[in-house]
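Below: a set of structures, written as structure tokens.
In the two complexes below, chain A is the common chain; its partner is chain B in one and chain C in the other.
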Partner chain A sequence: MGKYVYFALALAMLLVAPMFIKSRVIIDLLILCNIYAIFLSSWDLVGGYTGQISFGHSLFIGGGAYTAGLLNYYFQVPPYVTIPLGGIVAAALALLIGVFALRVKGAYLALVTFAAAAVPVTLTAIFWEYSGGDDGLSGISPLSVDVVTRYYLSAALLVLCGGILIFITRSSYGLVLLSIRDNETASMAVGIDVRKYKVITFVISGFLAGIAGAFYCHNQLHVGPAELKPAFSVLVVLMAVAGGMGTIIGPMLSGYFLIFLNDWLRFSENYKMMIYTGVIVIILLVCPRGLYPAIASGIKRVVHK
Partner chain B sequence: MATGVLEIRGLTKYFGGLRAIDDVNVSISKGELVGVIGPNGAGKTTFFNLITGFVVPDGGEVLVNGVDVAGWSPHRVVQEGVSRTFQITRMFSSLKVIENVIVALLARKGMGILSSSRAHVEEASAILERVGLHDKIGLLAGSLGQGDQRKLELARATATKPNVLLIDEPFSGLSLKEVEVLIPLIQKLNKEGLNIVIIEHKLRELMRLAKRVLVLNFGRLIADGTPEEITNDEEVVEAYLGKERGNFGAP
Partner chain C sequence: MGLLLDIVVYGAVQSGIYVLLSLGFSLTFGVAGIFNLAHGTFYMGAAYLFYSCMNSLGLGLSLSLVVSVTGMGLLALIIQKWFINPVIHSGISVMIITVAIANFLEQVVLCTYGPVDRNLNSFIDKKLLVLGTVSIDAQRMLALGVSIILLAVLYIFISKTKPGRAILAVAQDREGAIFVGIDPLKVFFLVIFIAAILAGIAGDFIAPTIGARPDMWLKPLTMCFAVVILGGLGSLTGTVLAALIIGYSEVIVSFALSSYMSELVPFVIILIVLAFKPSGLMPARQSQT
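Right after this comes the complex of A and B.
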């Protein structure tokens, strides 16, 4: 019961935000928050629920972004076609990599996914004439020229993707994923096809990340190697873990919090990245399970008083 | 022609140059409760791992109702009707007791992604009631004591509706009191028609359960008979207890 109240509240806030916020800059930031919320929570499906720590999320985000960018730049394919296609290409990449990488676990999986994610960024350098190299491609068509419309599109995408993630994780399927995270051997022993579940989950995660990546490309009107670089994967993992692994909601909130933090830190120029990662480290030291579990248990304590 | 519910022929596994399991032939008949003993490192757990697909054998057959499952992946062996527990309990620690069993039910029955796990609550509760965990279904599995974890492993394994249940050292780490709870439980499962194979170090307890005992030593099956036969077998006594004849506490 209580849970639904919070969901309704979050939905309402998402809905009314642009009515109260008149600053274009802030609304633009909120759009970014919505996109990052999908980046991070889609990672959490694999990282937090099946316990497979992947450093390959940049591949799916960047894969989706480049799919959209290239199709739109060279063939003028409209966003409502490139966005789902971005998801499909990312899902195909996830399938390809997942089938091989998910044979290994733990640090090995982290390394294999990281190495795999380093490949396409090299391709953008090799085929710089088409990809624009380090500069990427500019002049991608916008989703809408109106910032409020763009905001509502991003919010709708978040509700859709977030809804899918929340639904999956709270279903029987999510229970099976958690059993794999807790004890893979025991899952096999009760008859779960662990490999199959891992790969399917990886593909779903990649699909959602790819969609968000393609959306991001049309929002920035640009696609470049920044989102495709393995370093971006590291950032995704850091941000998601700071939010609270295995919660979906945590990484979403973390997206909001850290995007705003990142923006506030603009004044600090050269020290920005240092302070930013410093804050994440402090979060993880103070509440190792992440922000959301810490806040949630705090609220529970106050409410039950 | 296979007659047993579980028929093992020429099962062999090498680890490097070591013969972990060496040409083992065993037939488990309907209704049996068979014990497996042997000194440390004799290959008992490897024997279970080979049957259940956690380790792929180098040779031999594992016939389950006539189907050779040797080398199959674990989840397929389970679906064929062979389930197991572990020497060191393996819980889904962050899940509730009842959810531990529900996962096993989901694996057996398949699931639509839309399905809620609530549909299985009733059946899972009934399974937990049989092992005496019905008052703990809402607790986290990780918070259970060792005795209750053993019961939960049994509950989870039976939820897969096995024909043959392999139990690996069910009494290790348990108090005498907990052992006295577990013995009748295992006997009950056997009486209800479950064919059971148990590895156990506590011979006195094992002899109370099993009417037939297999003895492994250095990967070879050196004896297969009633507890009386086993205790009088010279090779077994030598391998297991040293040169002096020991007291097995056989009935």
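Right after this comes the complex of A and C.
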């Protein structure tokens, strides 16, 4: 019962934030945090919770973003249509890739998804006349001109996607995923169709990431190859693992933390990314299970003293 | 006919570089059971270190080569000792921490050298005529020559010397190797050192032809993945064959279609392998989770 207090608290904070925070810059950051929270936690469903480490998340995020961007740029399709479509396209990609990639396990899966993630960027380069190449497409329709409205939209999206993720993991479906993570052979032995669960979970994860990617595109008014590159996949994995693999909440929190860190580091434009990636390495070394488990157990120890 | 010869020669050069790069990656996996995702960083780092040695420090060609390659070897030892060994029981953790380091080092290089591609001067600034009609940079033929020589040296080292045979032993049966008194941890250090040296040499010799960029560690890494998936683990022959197949495929696609399309080759090969024979490449070693 105590757990739901925390959720309610977080929800409340999420909802009332714009009433207390007047700075437009910070609200913009919070929107980004909400989006990244979905990026990271959707990865964690497959990576941490089911134990299938995928370096292909940029396929879904970028895929959703480009779906939205292309539809909006060329056909003026409005955001409330492109965003679900972005999710669907990403889900289709996840199905296609999952059917092949999830045949292999562990480290091999990571390699395969990494290689797969390199494909779409090359495609945007080959078809640069349509995709805008390295510059991407600009002038995408905004979700709303009012930043507070955009914030509430992003918060709603986070609650929706996060809610789906939390519901899945706390259900018996989630238990199956955990058993797959812990011992695939034993899971198969008790009759679980491991392959089916993996693919379905992969598709769900891709769908959520695609929706968030499409939302991101409309938020930035621009879509480019940056979110499609394998390097972005790597960043997503690192940010999520730094938060805490398998916790769903952990990656959301690390998303918030790291987005704010990134912005705070603006004072040193030259060294910003170096410090940022360095901090990630340090987090991984000091808290191998992630920030959220480390902080949670730290709080537990203090409380029980 | 001229085109065919072009493909033969350019394919050989490309494959040679890929052999140097993927041998180390494959060896680390075959012997230590880990995927070092910072492997591409040795390739990139050597090129940049070489650049600095030549241009900023004014060291000669040979000394710059030695310094840059040895530097990568040392980097490998540091990564192994401080980052890989603490988590070596979990293959996933090794991948995560090494990719985090690779990411970080890319940013270090970016900060130090800026985002502009760095150009290195070719060792021999000439074009050669090979096999009668193929016009190719001397630098690329040099790279090919070095690849062949190093492959032979590595083969002799592994099959004839004591440390080399220790590597083989650990790859075949880690426990058995312990029984006969071989310390696997020492062998792991040796293997990652060799991997870094090979990758570093590849970087030094090919960078003059393609330039040095901070993100040049990503595409070769993807290629190494394809080699491991196609060629199977650890065995020299499988890796060399896979590197040859991938190298030649890329060159053929590059000539026939475009160089952009050739970037898709590693993935397409992985796809084909997965579609037709994924079980054939499941490792004899349990995959780590």
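Here, the second predicted complex is superposed on the first by the 304 of 305 C-alpha atoms of A that agree within 3 Å, B and C clash if a C-alpha of one lies under 4 Å from a C-alpha of the other, contacts with A are read in each partner's own complex, and residues count from 1 in each chain.
By our rule, contacts are C-beta pairs under 8 Å (C-beta built on N, C-alpha and C of every residue); 3 or more make two chains touch, one makes a residue touch a chain.
Everything quoted here is computed from the prediction, not taken from an experiment.
Trainee: On chain A, which partner's contacts cover more residues, chain B's or chain C's?
Mentor: Greater contact footprint in residues on chain A: C.
Trainee: Using the touch definition from the top, say if A:A107 reaches chain B (first), chain C (second), both or neither.
Mentor: Only chain C; A:A107 stays clear of chain B.
Trainee: Could you tell me if A:G139 is touching chain B, chain C, both of them or neither one (first, second, both, neither)?
Mentor: Neither chain B nor chain C is touched by A:G139.
Trainee: Looking at A:M274 after the superposition, I want to know if it touches chain B, chain C, both of them or none. Which is it: first, second, both, neither?
Mentor: After superposition on chain A, A:M274 lies in contact with chain C alone.
Trainee: Give one of first, second, both or neither to describe whether A:V190 is in contact with chain B, with chain C, with both, or with none.
Mentor: In the superposition, A:V190 contacts chain B only.
Trainee: Counting contacts the way the document defines them, which residues of chain A are shared by the two interfaces, the one with chain B and the one with chain C?
Mentor: 181
Trainee: Any idea which chain A residues touch chain C in the complex?
Mentor: Going through chain A, the ones touching chain C are 51, 53, 100-101, 103-108, 110-112, 114-116, 118-119, 122, 125-126, 181, 230-231, 234-235, 237-238, 241, 270-271, 273-274, 276-278, 280-281, 284-285, 288.
Trainee: So in the complex, which bits of chain A are touching chain B?
Mentor: It comes out as residues 168, 171-173, 175-176, 178-179, 181-183, 185-194.
Trainee: Quick one: in the complex, what on chain B touches chain A?
Mentor: Checking each residue of chain B against chain A gives 52, 54, 73-75, 78-79, 83-86, 90-95, 99-100, 102-104, 106-108, 111, 113-117, 156-157, 159-160.
Trainee: List the residues on chain C that touch chain A in their complex, please.
Mentor: Of all residues in chain C, those touching chain A are 35, 83, 86-87, 91-93, 95-97, 99-101, 103-104, 106-108, 110-111, 215, 218-219, 221-222, 225-226, 228-229, 258, 260-261, 263-264, 266-267, 270-271, 274-275, 278, 281-283, 287-289.
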